[in-house]
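Quick notes on the structure that follows.
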Amino acid sequence: VGTGPKILKKTVDQLCESYNDPDVNLNHLKESGLPNQQIVLDILAGVKDLLFPDHRLAHSIRKGETPYLVGGILEKLHEDLRHQICLARNFTWQGDGSCPDNSGQAELDGLTFIGKLPGVRQMLTLDAEAAMAGDPAAISVDEIILCYPGFEAITTFRIAHELHLLGVPLLPRVMTESAHNQTGTDIHPGATIDESFFIDHATGVVIGETTIIGKRVKLYQGVTLGGLRPHKGQAIKGTKRHPTIEDDVVIFAGATVLGGETVIGRGSKIGGSCWITKPIPPGTTVMLNDPKMTYTGGEG
Amino acid sequence: VGTGPKILKKTVDQLCESYNDPDVNLNHLKESGLPNQQIVLDILAGVKDLLFPDHRLAHSIRKGETPYLVGGILEKLHEDLRHQICLARNFTWQGDGSCPDNSGQAELDGLTFIGKLPGVRQMLTLDAEAAMAGDPAAISVDEIILCYPGFEAITTFRIAHELHLLGVPLLPRVMTESAHNQTGTDIHPGATIDESFFIDHATGVVIGETTIIGKRVKLYQGVTLGGLRPHKGQAIKGTKRHPTIEDDVVIFAGATVLGGETVIGRGSKIGGSCWITKPIPPGTTVMLNDPKMTYTGGEG
Amino acid sequence: VGTGPKILKKTVDQLCESYNDPDVNLNHLKESGLPNQQIVLDILAGVKDLLFPDHRLAHSIRKGETPYLVGGILEKLHEDLRHQICLARNFTWQGDGSCPDNSGQAELDGLTFIGKLPGVRQMLTLDAEAAMAGDPAAISVDEIILCYPGFEAITTFRIAHELHLLGVPLLPRVMTESAHNQTGTDIHPGATIDESFFIDHATGVVIGETTIIGKRVKLYQGVTLGGLRPHKGQAIKGTKRHPTIEDDVVIFAGATVLGGETVIGRGSKIGGSCWITKPIPPGTTVMLNDPKMTYTGGEG
Amino acid sequence: VGTGPKILKKTVDQLCESYNDPDVNLNHLKESGLPNQQIVLDILAGVKDLLFPDHRLAHSIRKGETPYLVGGILEKLHEDLRHQICLARNFTWQGDGSCPDNSGQAELDGLTFIGKLPGVRQMLTLDAEAAMAGDPAAISVDEIILCYPGFEAITTFRIAHELHLLGVPLLPRVMTESAHNQTGTDIHPGATIDESFFIDHATGVVIGETTIIGKRVKLYQGVTLGGLRPHKGQAIKGTKRHPTIEDDVVIFAGATVLGGETVIGRGSKIGGSCWITKPIPPGTTVMLNDPKMTYTGGEG
Amino acid sequence: VGTGPKILKKTVDQLCESYNDPDVNLNHLKESGLPNQQIVLDILAGVKDLLFPDHRLAHSIRKGETPYLVGGILEKLHEDLRHQICLARNFTWQGDGSCPDNSGQAELDGLTFIGKLPGVRQMLTLDAEAAMAGDPAAISVDEIILCYPGFEAITTFRIAHELHLLGVPLLPRVMTESAHNQTGTDIHPGATIDESFFIDHATGVVIGETTIIGKRVKLYQGVTLGGLRPHKGQAIKGTKRHPTIEDDVVIFAGATVLGGETVIGRGSKIGGSCWITKPIPPGTTVMLNDPKMTYTGGEG
Amino acid sequence: VGTGPKILKKTVDQLCESYNDPDVNLNHLKESGLPNQQIVLDILAGVKDLLFPDHRLAHSIRKGETPYLVGGILEKLHEDLRHQICLARNFTWQGDGSCPDNSGQAELDGLTFIGKLPGVRQMLTLDAEAAMAGDPAAISVDEIILCYPGFEAITTFRIAHELHLLGVPLLPRVMTESAHNQTGTDIHPGATIDESFFIDHATGVVIGETTIIGKRVKLYQGVTLGGLRPHKGQAIKGTKRHPTIEDDVVIFAGATVLGGETVIGRGSKIGGSCWITKPIPPGTTVMLNDPKMTYTGGEG
């Protein structure tokens, strides 16, 4: 036996030993399988097909037949949702090993989620309007749906957020991370974002789990709405660690707003690259360097 | 009938009603179809195959047969271009509903675009040289073509820009947004970028629609060449809203340059994280904090 | 013959002439082929399958049969590795045109790399633990493996780094650039990163080639560990151009640390958006604006 | 220019000349496109999914949601049917070049065809029963649906026959030829076949266009129900050229029955390899060689 | 609502009613799923990869690493086999609805089947030799493996037969029917075929369930080894209904041999198109028409 | 270790031993690889695209651009042909192990083959005309190209025959066997078939290697043109073993014509199921049973 087979054999043995080592945290010890990343992303794509059928479905739809098309997609979605939600619920469930009712819960979760989709479409209508109003270069809503990464990110967020509200673990995060990878915008599915939201350019935006955002807010690239680490001890999960942004606020490129008690008051403007860790009263304009300009920004 | 079917039925009805509601801006009401995102990206990939055949085509090419290979790819490209350009022109056309000559125009646009490709290849030769010169870690042009996100971004920009110059709507943006998603560099297809351009690291760069960039300019990650919002009223579309960067300028990581009248003079260096909203004379070095260093940067 | 065929013909001729022009640097003149980007990414995916079989392989594995599964994947990996390493070594080899021993070297490289995989898995165990400890929102290691872009980036880095240590050209960079595209984190495969490393949010991070990072270091999004350009002359390739980060350092969002002699001492905290070009003694906290807070950050 | 390019160039020129030669019958000169073979076969597969959902659809169907699944498949089918029928009708239409109403006719054809599917399913129920009764080796209807080439052939025939009855050209033949290729059984879509039909082994069976087959008929492999060529002149298209097989007839392996006036009377048995060109009275048993056996056969 | 939607709705309702009708034999009423045809064919392909690795696997195999390649394929095979066998056993199991031990039985069946593969390879070695000897046009064993439909048919038969011997329902038949479709040769998986078997041209051959074939037998296209239907009553399943062919027999094209008591004695030749329903003594030559030729045939 | 792993291990060992056993004829011992079946079939499909572009290529072709389309397909074809021909020539080459000039020969073979394609198209024009004339049910040449298995078989034969004439081993047979599998018609690539040839129904036809067929010959399903085995000794490879069919002959369904000296004279008709082993003078009609009919047939 030559060197090659020996090295292969040794590597095989070491990897197999590592897989069976209960102290290696990379091993998934529960018997039930894990949700499948690809199927979760297929579900996400199916939901988007329902929300934007003109832009995503290849063939034109006859009006009288639309209900069957929609029903067919929904039926398939429900099937996949039920299964993946059940796996996700089993997978995070802590206890004695029996999990008698997750499949019923998953069935219900799937239906409830589906029932929310018309409302999601209504919210996205307002977001698209905000994008049209917010970008002087935008030509049509079709362009926004097909090309704008910020609109892609908010679409995925609004879908994932509905699953998050139902308490479904893991799946919402898989969805928002796929949008993060694609658009560079990282919105935690637990954030609360009101209507008519717009992110211009989108790259490098972070919106933390307990952020609350009001109506008609506009962000530019590189904005962080993050947590402020306390002097001592760790951030306590479940407390509000991220800021509140009130209605009609604009935050320009690269600005950072941190902390659960940091409220940006209604109608304020936060200049590019500003660093905010204290509440800002309504109607304020905060500038980095240049007090003579009323407000500034990075609208690329 | 159980709860599940009831919820499905209600959701189907609500979605179908929403699709047919003329007030919902997500519906595409024109009869003509939309350009297909996937085909547009296939066109982009085909053009790149022609520009870098050694690096992208699987089989080696015999010299005497190259014309047929190239001709075969071009013929397919022209076919797809004509169709997608025609859809894009129909789709943005405003008026009485008849669009008699877009197909002729689309035919012509496709041919004109194809005729520009040798010139695009020449420009990319200089860009690749600039990348070799600009990154001390670069080993060969092959590595730049295969691995450098900044070169990927400028390649896609130069292709999309030729379509933009022809007045083709939507398609250039679909192309540059795919590069934005992939590389994190957001170059508007309308920008004007002269030869020997290099972006190092590439993530988080924004170059706005009316930016003008001279020869031998080098940018680092996180640079924004953006618009400066006026005190009152909206930026007027069509005016120059983004800066001019003259020949031989270097702009280091995270710097922001804003405004249509902001000119960075020939040979200047803009330090990392600087915030520039006023013209900078030629040969100037601008630093954020540390006046003792002649120039500084973030060459990762 | 109409206008269309004329333009096509002219374009074909010009492109073919450009392909055969020895002065055009985009042409790959060596006879041996180039490594294939897709196969290199398949190798990367195969290695990840071996490192996280529970999370990436569709079917559950019977314990007694695991060695065959692992062996089968390794055998295929070795085959592909040998071939791609050989192409990469030929491709960068400078000389008289004969390259008699690269195939033997490639065989050996492949085996040595494979022999390192159990060690890589051990390192990732500690990285996953660091991610659990470092993000209050993390629920389980499974979530980290499936959803965290920072963990994806460090996984790809640790794999590519082993090839880099063997002196294999091009392949490590193709791997880390794919992680850069996906996660927005750009880690040069030549960097040295010790155990228990965590990057939160990941977008816009740059870690340069000669960076050295100690144990239990934590970075946030937008951090650059980059080179400091000297007053005169170019950075000399091969010298240490990037900083050293000692054990237990935390660097918050958007901070920039530059220069080969810049050492961040053990246990220091670098505040968000700070700009560091000088050594920082151990145990120091550096803040941007607000001296009253002990330390601050952008934990989104 | 070497020999290779010369030969390529000459071949290209000759082929292009041949494509444009109006005397070459292989060129399709009409402007409208041809039906697409692959889409026609996808339509066939979609219809089979509706007929045997338990055996062909991967996921189990919830009863309350079945209508949406079925509706979704039907909606897609109708879309494709309309388009392919329209192409097929344009393609065979002879005249002045304008074809104003085929699209309306195609719409109607598609709907009428869809309305026939429940009846087709009823017929196949009886065919499956006949297969169970006719093959002593059959274990279950599921096995017949999944494995029996004779059942596959009759299923495809019954689908194609409905299109044939509507006068749709080309599509029925594309369907039955795909079954011919797969099963070796060549049933012309114009044949008339009553309920409870079974073909055992299936290979090499030919059933001509004007054949009429009664109830409960059973055929073995290699049976030809063909045309009898007249002494002088060609068979006149539109006349009955193929035999009539009355109820309850069995025809054993390799037998040949020819001619439009050849009627095999109710309940007769035609022995293996017999050659019949004259009418056979009801209740007759025809044997090849061995008059002492009442009836014989090739039941494999 | 127009005509189209009405027809769609009526068809949907009728099909759904038909699916739920307990009297429609096309519905699969058992709760457990059916084996999946595609996976069964993938298993068959995997087994063939193991039997002919040089001809079917794309990459050349290093000797020292072969065990891992083989082990990896076997491990995947076992996984799929276990699952499909379990579904097949559940699906044909008749009784009270609980099926407690099929999964254990399926596990065992899969392993036993795998253990038979080296023996199958040995048998195919002899079959390939018989093909070389039997066809004057054969150039090499490689050609036989790659091109001969008769060898394809016997390969699939020998694999399916091992599953049949284990009592696994349905799967063997799915396998042999795929070979039937592909090659036109229909060998029932229950037949008994000894070593060195060869079928020339292959189209239209039928070999029934209880056929017994000795060593070194050679068949030509169109041969049927079938059942003889008794004068009264049905063939009784389980009895020997098909002939016995002793060692060294040759049966020429289109011959038919019928009946469970029909034995073709060792070394006999059955002429093309002969019809045999009685035992033939050893060493006999049977001719159709031409007594002056010693033996005749259809060796195409 | 349980039973399962033991059986797996034993099977792996036995299979590996079998692969390395020089006496097992299934192993391909030559070092050079084998031609790849899938690539050979892709070449076949590419050639058919060139022969029937209107029927096989999805997009309509602009006349002025056709040369590039054709040239692009030919260039790819030549590349693949060269490689597969070279593998095929190496693979059958017997000798001292060095094969210095096959690659040059393969290059030449590929070009010569390509140069024959316009002539093949001309022959197929006449075959299509013969099919139109020969089948009263044929509606158009388009239907013949899209649906007729006999036309598919002769098309594949004419392509494979050109490779056979060049002495290329294995590839022609791989092509004709794929047509055999698909259509049930087995034409040896070595046969000689003159213009205007038509096979109706096609299933079960065998045409042997040394058959010679004249102009305007028509066959029906199940016809064998085969070899006559001599009384003693084996058929000598290279001698004429199969019949000659002169111009204007018709052979009806299931007839068998055997032997190298058997000539069917010009204009003869061979009745269905006849068995011919002697020469037939020109203008003869041969009938099976019924002397009163001038000629008969099985035109299904």
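Observations on the structure shown:
By written order: A, B, C, D, E and F. Residues from 1 in each chain.
By our rule, a contact is a pair of C-beta atoms (placed from the backbone, for glycine too) under 8 Å apart; a residue touches a chain by one contact, two chains touch by 3 or more.
None of these values were measured; they are calculated from a predicted model.
In summary, the pair chain B and chain C forms a contact in which the copies contribute largely different residue numbers, shared numbers making up under half of all those used.
Chain D and chain F have CA centres that are 26 Å apart. Note on chain placement: the centre of chain A and the centre of chain E lie 53 Å apart, centres being C-alpha means. Each of residues 4, 8, 12, 62, 65, 67-68, 71, 74-75, 78, 184, 203-204, 222, 254, 273 in chain B touches at least two other chains.
Chain contacts here follow an irregular pattern that is not a line, a ring, a star or a complete set.
Touching chain B in their complex are the following residues of chain C: 3-4, 7-8, 10-16, 18-20, 24-28, 33-37, 91-92, 169-170, 173-174, 177, 180-181, 184, 186, 188, 203-204, 206-209, 222, 224-229, 231, 234-237, 241-242, 254, 256, 258, 273, 275, 277.
Residues 50-55, 58, 60-61, 63, 66-67, 70-71, 74-75, 78, 107, 111-112, 114-115, 117-118, 121-122, 124-125, 128-129, 132, 136-137, 139-143, 145-149, 182-184, 201, 203-204, 221-222, 253-254, 272-273, 288-290, 293-300 of chain F touch chain D in their complex. On the side of chain A, the complex with chain D involves touching residues 59, 62, 65, 67-69, 71-76, 78-79. By the touch criterion given at the top, residues 1-2, 4-5, 8, 12, 62, 64-65, 68 of chain C touch chain F in their complex.
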